[in-house]
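Dropping the structure in here first, questions after.
Chain naming follows the written order as A, B, C and D, and within any one chain the residues start at number 1.
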Amino acid sequence: MKTNIHRVRVGWGDCDPAKIVYYPNYYRWFDDATHALFRSVGLDIGALYAQYDIAGMPLMESSARYLSPSAFGDILEIESGVSSWQRKAFVISHTVTNNGRPAVQGSETRFWGLRHPDDPSRLKAGEIPAEIRRRFGAAEL
Amino acid sequence: MKTNIHRVRVGWGDCDPAKIVYYPNYYRWFDDATHALFRSVGLDIGALYAQYDIAGMPLMESSARYLSPSAFGDILEIESGVSSWQRKAFVISHTVTNNGRPAVQGSETRFWGLRHPDDPSRLKAGEIPAEIRRRFGAAEL
Amino acid sequence: MKTNIHRVRVGWGDCDPAKIVYYPNYYRWFDDATHALFRSVGLDIGALYAQYDIAGMPLMESSARYLSPSAFGDILEIESGVSSWQRKAFVISHTVTNNGRPAVQGSETRFWGLRHPDDPSRLKAGEIPAEIRRRFGAAEL
Amino acid sequence: MKTNIHRVRVGWGDCDPAKIVYYPNYYRWFDDATHALFRSVGLDIGALYAQYDIAGMPLMESSARYLSPSAFGDILEIESGVSSWQRKAFVISHTVTNNGRPAVQGSETRFWGLRHPDDPSRLKAGEIPAEIRRRFGAAEL
């Protein structure tokens, strides 16, 4: 599995009155890390959206287990990789460490989001182009 | 299970360029909904933290399944309840509907966060006071 | 000046390790309060964007003076009104009080954001329709 | 004036349905840029807070002028410096450019936030230590 490491410095506003990271921020960073992972295999998501006329890669599921808290000024390393490819969806795994200490284990399941032909405000899952999977070194389906 | 309904109007900044809710915001709303649930049984979390000298109710796990997208201006109803009590932790289930349509199903597992006696920057799980469980109508352990 | 009051309950994640509101959140609430102000005169912004084919009401300037801090659980009242109309722009003033105590004084200068004819990714200021100003009871220009 | 450049990559969730940066995020980046400025002169804010027993550097005022929009994936450069020192407060100026194009001009006025002796939940302005000003090359008052 090709992985990429995305670094985040925990900001003052990322932490709550308990002086630890407010947990929804980890998902924001997972999203950033997924984009960084795509860039790391040469795929610019903005260009991708235009090229394939997709509206995004919306979430089907997301989850996280919190192993240790992090605080203002900490540098987090998020190692991300696509752990599973399906025809229209894929799972990204995110392993967050803080100075080598396991901090958070997360995952996102996303689908390839085409605009719905009957209603542009809706999205429908489309087939992930083979070229995309190839960039990640994934086998043919 | 006692439940509470917390309403959220989706803001402009809660949505992304695909014109749907940016998913980390759902977790922010889960957090707000958990606080609203506690208030609904007469427990003010700020007062609780002072009374029991806890630093918070940090997350052990969180997850969400996204069933349909929501957009700017939508009114979401989040029905929340404690679906499981353990000695030092509990699970809150969140069912989000958008004008009656299932939108997101989420859960948070939180522990009762005491300050660590040896290191105030760390938290350790403490026993959830019986009074807290009683307010939710939960059986004795 | 017609004004509207928008109420906000300060969330746990809205506060920082100093246990007061992290200041960028006030601007998020100003934005919500501006939308609430439009609704209060019968203008739904989503519908407005579709009707007039505008992409939004982007900011030209924003500012805030912080008069007293607010904390988790506080209920803020944001009183908002359009304090100045120009041909293509307008100023919204926001007065935030916390249980009657002055908390923040803010303002937003926004323009009427048409899509640029030559480049859909850009916005250009257009004339604010007379109907919009009338809803606020503003004089003709 | 000593300045520091802080780089930000605009994330997907930083943008709104108009496909441009949702403006409150600029203030979050100003806050990060101020912290980066302090680090650039050898001052770690976390350590500073502990050393001087301050609770933070809360805002008195903030403002921004928006010169051109930015979008998902853009790399912003925020050049920050302390443009004015007072006895208990200081002004940080932030100049944001996007690929060389002026994007936003912002400022923050902050005070040196001591815990109030009579009420730990309140903050009062204290004298900025001479050492801090010296690090920035500021003249004696």
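Operating definition for what follows: a contact is a pair of C-beta atoms (placed from the backbone, for glycine too) under 8 Å apart; a residue touches a chain by one contact, two chains touch by 3 or more.
Just so you know, these numbers come straight off a predicted model, no measurement behind them.
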Contacts common to chain B and chain C (chain labels): A, D
Which of A-C and C-D has more C-beta contact pairs: C-D
Distance from chain C to chain A - Cα centre to Cα centre, in angstrom: 32
Averaged-CA centre spacing for the pair chain D and chain C, given as whole angstrom: 23
Sequence positions of chain D contacting 2 or more other chains: 12-13, 16-17, 19, 22, 24, 28, 31, 56, 71-72
Contacting residues of chain C [partner chain B, same complex]: 9, 11-13, 28, 31-32, 35, 44-46, 56, 71-73
Chain A partner contacts - residues on chain B that touch it in the complex: 16-20, 22-25, 27-28, 31, 55-56, 58-66, 69, 71, 113, 121-123
Residue ranges of chain D touching chain B (in the complex, touch as defined): 12-13, 15-17, 19, 22, 24, 71-72
